[in-house]
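Both complexes below contain chain A, partnered by chain B and then by chain C.
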Partner chain A sequence: MIFWQILVDGFAISALYALGATGFTLIFGVSGVLNLSHGAIMVAAAVGAWAAAGELHVGPYAAALIGIAVGMLLAFATYFITVRPIQRSGRIAESEKEIFILTATLLWGIIVQETIAYLFTNNAKTVLPIVDGTVMFLGVRTPTNEFFTAAVCWLAIGALWLLVNKTQRGKAVLAASMNPRGVTLLGIELSGIYLTVWAVYGLLAGIAGILLGMFLGVSSYSVGPLTASAFSIVVLGGLGSVSGSLIAAYVVGYLETLTAYLISPAYRTIPALLLLVVVMYVRPQGLFGRR
Partner chain B sequence: MQATFASRLFWVAVAVLAAGAVVPSFASGYVLGLLTVAFYTAVFAMSWDLLFGFAGEVNFGPTFLIGLGAYTAGILDARFSPGLSLWVCVAAGAAAAVVGGVLLALPALRLRGPYFGLTTLVAVLMLQNFVVVFAGLTGGEIGLAVPDVMSISASTNYWIAFGFMALSGAILYWLSRSPIGLILQASGQDAVQAGALGFNVAKHKLAAFIVSAFFSGLAGALMVFYMGTASVGTFVDLSVGVQVIIAAVLGGRRTVVGAAIGAIFLIGMGELLRPLGELATLIVSVLALLVIMFFPDGFLGMLRGRGAGRG
Partner chain C sequence: MRSNFLNVSAGVLVACGALSGTAALAADPIKIGVIAEAQAVAGSSIAPAAQLAAEEINTKGGIDGRKVEIVVYDNHSSSAESVRAFQRAVSEDKVNAVIASYVSEVVLALEPWAARLKTVMITPGAASDVITQNIAKDYDANKYTFHGYLTSSALSGLVCDAAKDLLVDPLKMKTAVIVSEDAAWTTPLDAGYEKCLPKAGLKVLDHVRFSPDTTDFTPIFNKIEALKPDVMITGISHVGTQPTVQWKSQQVPIPMFGISSQATNSTFWKDTNGATQGVLFNAVSGPGVAVTPKTLPFVAAYQKKYGNSPAYSGYTAYDEVYMIAEAVKRAGSTDSEKLVAAMEKTDYVGTIGRIEFLPKGDPHVHGLRTGPGYITGLMLQWQDGKQVNMWPKQLAGGDMKFPPFVKLPAH
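So, the complex of A and B:
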């Protein structure tokens, strides 16, 4: 009984983690940027959907679309306001651009988070689920929303796989992650590729944020932990490796669910952190990292 | 060029110290209390600058070292209060932070860039979890009350913090301009080449970690006995670490003095804008972002004039 419960619950939460981390790792793989405003963008998308449903009284689908639009808009804002000016700056030494991008995206995340808190207060917000009710599955009473979450996450990840592997644009993105200079030599504008990647990132982060808002609810306090969990999943799987992040998301998701059910919800995040420390010492490039 | 800048930096430091020395003659106890906290934060930021600006190590977890110092001192004092002198607790806090610094340095010598940054982030999260889980020992989320305080007089506390900041600043500044600092800077920028020149990169980086940890832990421990309590929100939380990092970058990296100015500015701004409520953090973040984007060398970089490049 509890075994099935852990299996089902863990699957849904892991799928959500996987979707959240995929966009994050995509950006890093292609442009080497670690976007520390990730959590803020996810929360902003969820709050956007919540506000659209609550204040504009639109239906759940329209609300979700508005939320996704907020996510994409903020992703572009992150790119144009913080990342691109630093990448192009002649006054910051190459070796220091990394820390500047980290600091700037971190500050940008705080700005987004504080704006949300100012406009919509710090209270936790739950986005109205698109599907409600519960079903019996393997003898476990499960909210239908959990299946919906897992299904949407995997659909989105599948669509991303198709985009990257089967379309011209996607192949260019993939090539840029392997050898940016080679791509420019083929006559493809790198800046266009970055725009594509940030658009896809915004889409993925927006969807993940809204699903999270339906599943667990969000508040401006979830910004930090969300960024940290995406960061640790991505490092655990190996920076830049999408399949590694997917596997790592499941490892972390199930570890957390197991701990929460079998030991105590208070210890939820500890085993995953311990695992991360062990991996950092033993295999610093992550489980499936390239470097 | 380097010499003129060095001397100008020196005069900036002298001006700050002179201003600090005359403040108590007219400022209220409230302002003094605020500055006391700002001075401890300044030491946090200067220690971080030694690791980042000179050794090139991106430490996202300054609060791991600060928290270790603060909680070790606080727990020892809370357990053995009358029997154990406050200063012994402070020394133990600094020692614990040094041990933590060595633990952090071990992966740092093997990992590069973002990977090391993550280790430090995880270290903070682990410490935070530890504090919450072992609430019986640490006071958990409510915080740990310590029976001893350094002094109840605002001006005594001010002078202790001021003296401590001036002394640590002088030591860190001297260290950064000494041959050791130059070797650190070289290994931060190109570890392979520094090694090829015959410098022991690992040894120097380890030393930087130990010094940085020592001052972070010491400042954390002293601040506990100023505040009378240790809590996650003031010593361990990631947002505290973020503030330390922003302070150092805002003031100007690789200057030590700039980090202190940045910290005092941040704390002061936060307080000035307090009447605006929730908007205060927003405005400070926007300001910090603007400075970082348009003046990457921070306040001291502005002083040197635009486009002066790297020192």
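So, the complex of A and C:
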């Protein structure tokens, strides 16, 4: 019984982690940007969907779409306000740009977080679920929403795989992640590729945020932990490796679920963080990293 | 010669004191400092409610001709800023008493300052038992602090009383699991629950404490469900929305009953998309519940003036201004020593019940007296978007209703 419970519960939460980390790792792989406003964008999307349902009285689907739009808008805002000016600046040394972008996105994330707290208070909020009720699955009473969450996550990840591997644009993105200079030599504008990547990122982060809001609920306090969890999953899987992030998301998701069930819910996150430390010692490039 | 000089100077001093005393009585306002959290849902009602009370007192002519003046300090939820505000209030703005904060950590930081600066301080919303324990430990130093809200251990007692009347007697419930967040205020609360639940007729099967930053409650609910208790007795404040929503989405068949601070907010229904249907929670006030004849007129006046409903600490802050004003009247002075003695004689029917402070010698000296005839608290339940009072019986506004997935013991 407890075995099936862990299997079922761990699957949905891991799928959510995977989706959240995918966008994060994609941005890093293509443009070398570690976006520390990740958690803020996810929370903003969820709060946007919550506010749309509460203030505009729209249905759950429309609310979710509005939330995704908020996520994409914020992703573009992050790119145009904080990342691009630093990337293009002539006054910041090339070698220091990474740390500048890191700091800028962190501060941007705090600005977004505080704005959410100011406008909507720091109370936790939940997004109106699209599917309601529970089903019995392998003897476990499971909210239908968990299946919905897992399905949407994997559909989004599958769509991303198709985009990257089967479309012209996607192949250019993939090429840029391997060798940006080579791509420019082929006559493809890097800035166009960046825009594509940030749009895809906003979409993924928005969907992940809304699913999280439906599944567990979010507040402005969730911003830091969400960024941290995406960051540690991506580092564990290997920075820039999408497949590595997916596997790492499942490792972390199941490790947390196992801990919560078998030891205590109070220690939920500790073993995954210990694993991260061990991996950093033994294999600093991460489980599947290239760099 | 020497004694003669002393006599003369003493006489001059007395004369000066008398002079300034009469001058003060005629003109000087009674100044009350309010140090509170302006941006937090729970703290934002404290200053407006105090202001309202002061205006009411002043329109009726003040206290012995003296107006009541409220001086407001926003502490941005920070203990350090609160301490600075307290120092400024006492030494620069010359306040006679201070109403401070709903956060236990803030009040605990101010308590030694109330002692050092010998200034009466009362909190409208903090719950930690340590506040009154400090007074009991060193009464002479800490006697300036008064606890104007319920302590955690008092809260546990009220929840147990309500559990007996609402769960054990009519629904024949026999077993419970305590579920609480791991925080300072829940330690005395849980100890209280462990002691009083069996007396109320509920056997405690287990005690689940979880980290306040928990987001996924599935394992916690599954663990509790496996124990098959009749009810979950809660102690939550930092979390609220998330366990409530997951309780509903996972259709956990056990009712939730106890302290859930976030559920007292009027926005909780919206925050949880209605998942809070059927949740029972303790409060000192509720919409439309006339705890005393003063409750509803206060709410109406507050809504008329500010356009929204007061949080729980608004009720107590409003009462505290009246209590301080009456104590000044009884003492005939704003001298701190006399004010403490007069505050200790408080017997005041406010918006949340009849208020008396526990006497010196009690382990919770300067805490509120609770129980029948004093403050009993309420047990509210969220029903179809509204908070409806269930307990005590004479103030009940309806019957308990649970969502269909909750299974009550067969009887």
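We adopt the following convention: the second predicted complex is superposed on the first by the 291 of 291 C-alpha atoms of A that agree within 3 Å, B and C clash if a C-alpha of one lies under 4 Å from a C-alpha of the other, contacts with A are read in each partner's own complex, and residues count from 1 in each chain.
In the analysis below, a contact is a pair of C-beta atoms (placed from the backbone, for glycine too) under 8 Å apart; a residue touches a chain by one contact, two chains touch by 3 or more.
Note that the coordinates shown come from a computational prediction; the quantities given were computed from them, not determined experimentally.
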**Report entry** Partners on chain A (chain B, chain C) - clash or fit
**Finding:** fit
Query raised in the report: If you stack the two complexes on chain A, which partner ends up touching A:266: first (chain B), second (chain C), both, or neither?
Result: both
**Report entry** Touching partner for A:216 - first (chain B), second (chain C), both, neither
**Finding:** second
Report task. Name the contact category of A:102: first (chain B only), second (chain C only), both, or neither. Result -> first
Report task. Report for A:228: first if it touches chain B alone, second if chain C alone, otherwise both or neither. Result -> first
Report task. Look at A:257 in the shared chain and tell me whether it touches chain B only, chain C only, both, or neither; answer first, second, both or neither. Result -> second
Query raised in the report: Which partner does A:54 contact after superposing on A: first (chain B), second (chain C), both, neither?
Result: second
Report task. Please indicate which partner A:9 is in contact with in the superposed arrangement: first for chain B, second for chain C, both, or neither. Result -> second
Report task. Report, in whole Å, the shortest distance between any C-alpha atom of chain B and any C-alpha atom of chain C after the two complexes are superposed. Result -> 5
Requested in this report: Could you pull out which residues of chain A sit against chain B in one structure and against chain C in the other?
Outcome: 118, 266
Report task. In the complex, go through chain B and note every residue touching chain A. Result -> 52, 56, 58, 106-107, 110-111, 113-115, 117-119, 121-122, 125-126, 129, 132-133, 189, 238-239, 242, 245-246, 249, 253, 278-279, 281-282, 285-286, 288-289, 292-293, 296-297, 307, 309-310
Report summary line: Interface with chain C, chain A side, in the complex: residues 5, 9, 13, 53-54, 118, 121-129, 132-134, 141-143, 145, 215-217, 219, 221-222, 225, 256-257, 260-261, 265-266, 268
Query raised in the report: Taking the complex as given, what residues does chain A use to touch chain B?
Result: 34, 82, 85-86, 89, 91-93, 95-96, 98-100, 102-104, 106-108, 110-111, 114-115, 117-118, 224, 228, 231-232, 235, 239, 266-267, 269-270, 273-274, 276-277, 280-281, 284-285
Report task. Could you pull out which chain C residues touch chain A in their complex? Result -> 39-41, 182, 208-211, 213-220, 222-223, 239-242, 245-246, 249-251, 262, 265, 267, 270-273, 275
